[in-house]
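Next come two complexes built around subunit A: one with subunit B, the other with subunit C.
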Partner chain A sequence: MKQVEEKEEASVYQRVVLKNASPYHYLKVRLVLEDESTRLSAVELKYFIITGLKSLYGEVGAALNFDVLKYDEDTLTAFLRVYSRSLVKLWSSLTLLGSYQNKACAFRVLQVSPFLLALTGNSRDLQLD
Partner chain B sequence: MVRLKSRYLLCEVNVSDRSQLLLLDDRAIMVAVKAAVARTHGDYGAAMCSIRFCVKYLNAHTGIVFLRFPKSCYKLLWSALPFITSVETRGQKIPCFLNCLHVGGTIRTCQKFLIRYNTQQLHRMLPKCKSEEEKRQVRKAILSCSLTESKEAFEEDSESEEEEEEEE
Partner chain C sequence: MPEHAHKVFADSRGSNLYQHDVDYKTKHVSVLLPECSSAPSHLDSVLNNFSSFYLIRKLPVYELLDRHFLETAVYHGAVFGLSYRTRIDEDTCVALMPNGHLTLSLDKDSFEILGFEGKPSRFKHRTATRFVVSVDLTDSSMAPGRRSYLRLLTGLKSRLQLQTDFLLSHHPGGGASLQPLLSRCDWSQHRPEVNCSVLTDLSCPAPRSCDPHNLLMGYDIIAAVSFLSSFVCPEPNTIHRHALSVSVSGMLLPHDIHRLLQELRRYVEQPRLASWVSMTVRGFADSPVSWSNHEHGFLRGGENFYTLMMFHDHTYQLHLATGAHDVCPP
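The block that comes next holds the complex of A and B.
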């Protein structure tokens, strides 16, 4: 990480661009089901995502490493972590995953960031009074 | 100049039982490759396979097959070939595996490689020949290897090579 230097009195605008800064990407996703009352455990959610990867990208896709870091059963919101090279494959298979046990479902991807800290704040939920 | 570029994979089908080799046909190999790609790479691989994939040439006597893939995705589809364990044809499952010998940009370069490869195989067979008659036939086959306009020329060489192997 580059240090921003202060020049004399005036603060100089400096743009810092980080390429491939983090080996992982973090996603905040929510599963929206047609039937509101179904509950999934964390293991079932991970298996469900793996079946989605398998149908779109085959055995090689199903072998992608990803982790469910945190899972809230009531709102069906999960924090996923995946290696940066596999982000496109995971995100596209989440998009195309359409049915859970013959019922319609959808994955809403709320936030994606290479840094976990960025997922704590969300300018969409910001209340400006 | 815009040109649709493909890659031609020269593969050899290895079966344990040589008589079953003659039952192969190109439709069966195509189905086997598509199934393996769909299993290994899912819908994405199956879609890439449907663009410009076909079996261009199959020689049932020697088990040489030319597969054509698009240039943009041939490496991904090539990686699925080792997962083929059997080919289903005429109600029989023949256990086999595909061994890739050469990748070429055109059929002509693959043909040239195949002729050089067959001559090397014939050279390797010569010390193993048991009788004088076989030695004479192998030498004649080596001398007659050349690139002509039709594919029949190197098919004949391959057939005589196959006969030599059977006689051994």
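The block that comes next holds the complex of A and C.
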């Protein structure tokens, strides 16, 4: 839907509304491990998520394209990007990933948004002590 | 299928461009200044002088209906507040707007116990599980002593006994009106937190020519590990040697954001290396109301933010983004 409105004083406004138009969804996830001293590199994390996709959705699931945009090894927090149509598959496989190297683990999905900018601030993280 | 409405006002001229409807529930504002490594002093002083706000622990919500509080604060449009660390999809959320509207977002049981008129949430499944009670405290029917007022007061005081941590803020000069309420509660004062970082070798798409979705990238969080990601900066793009990213978070007042906006306009109008600045303002994800007092919800995300890109030639682009449980902003 596109609207062009003429206003007086030579100012021109154009308004464009896009609905559900983002091709990607972005996730902010944190890996919580039973053994808190374990560290993963970015490559290991990506491989770990691929194994989760494979165990739930098979080879076709494992071929699902997703990107690790940013990864913090200290907090095990990652920003992932995935096509919107594959969001449910990725999210469900992260939910059901329960063990890493035979130790219990869990993925906490902190934020999901079609806008990457939304992931840079989360009002639910506001801590006032 | 949920909707993600997203709007762009492109290339508008005029001296009064910033007249969109104000969203009072602002949690975070961030500014990106390309080709800049330290904030100019005027900008710095605006950023460090955002108004402080209060956090009240376990506020009994019926206190917001106190006669003296209404007369000295609410009727003057001086105060607004939001429940703290309550999730709109799970807990009861409370919002008080400067226009005197008190909004409660409740689950079904709490709504039935409260016993006051309300509507089912417009974002609902087959059966209504959340209800919204919206009351105009400045209306004559809600004057202290009237039937509706007493009914709500009884509901909040005796039936539901609603208590919540509450963020409270006031317009400049309205601080004294809050003191009687604060003296009855456990409260603390807080200042918004300011964070600065300098980004180097930042690749940004050319603002005027790219797709709106590409523009809503958080450049300051992208440090992609190339072999794990096929993410590339959209073309056409420019590389900025350095850029300053400043963010302020807390409960932020519209007039402070307006001052920041004016300062940014002054900054970008001067001849500089970079021809644009951007300001992103994010609302609370768990606020029961958003733009124009419309209902706001949280489905997969509670995003309600806008990014204003201002250019050297007095034009601007405004990008508004909302989540699935939101009404299209005006």
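To be clear about the criterion, the second predicted complex is superposed on the first by the 108 of 129 C-alpha atoms of A that agree within 3 Å, B and C clash if a C-alpha of one lies under 4 Å from a C-alpha of the other, contacts with A are read in each partner's own complex, and residues count from 1 in each chain.
Here is the rule we use: a residue touches a chain if its C-beta (ideal position, glycine included) is under 8 Å from a C-beta of that chain, and two chains touch if they have at least 3 such contacts.
Remember, predicted model here, so these are calculated numbers, not experimental data.
Asks: Can you tell me whether subunit B or subunit C touches more residues on subunit A?
Replies: The partner that reaches more residues of subunit A in the superposed model: C.
Asks: Should A:L56 be classified as contacting the first partner (subunit B), the second (subunit C), both, or neither?
Replies: First partner only, subunit B.
Asks: Which partner chains sit in contact with A:T120 here, subunit B, subunit C, both or neither? Use first/second/both/neither.
Replies: second
Asks: In the complex of these two chains, what residues of subunit A are touching subunit C?
Replies: Residues 7, 9-23, 42-43, 46, 65, 67-71, 79, 81, 111-124, 126, 128 of subunit A touch subunit C in their complex.
Asks: Of all residues in subunit C, which touch subunit A in the complex?
Replies: 1-14, 17, 27-28, 30, 55, 84-85, 87, 188, 190, 212-213, 216-218, 220-225, 228-231, 247, 249-250, 280, 282-286, 300-303, 305, 307, 321, 323, 328
Asks: Looking at the complex, which residues from subunit B come into contact with subunit A?
Replies: Interface residues on the subunit B side: 38-45.
Asks: Mind listing the subunit A positions that touch subunit B in their complex?
Replies: Contact set of subunit A toward subunit B: 53-61.
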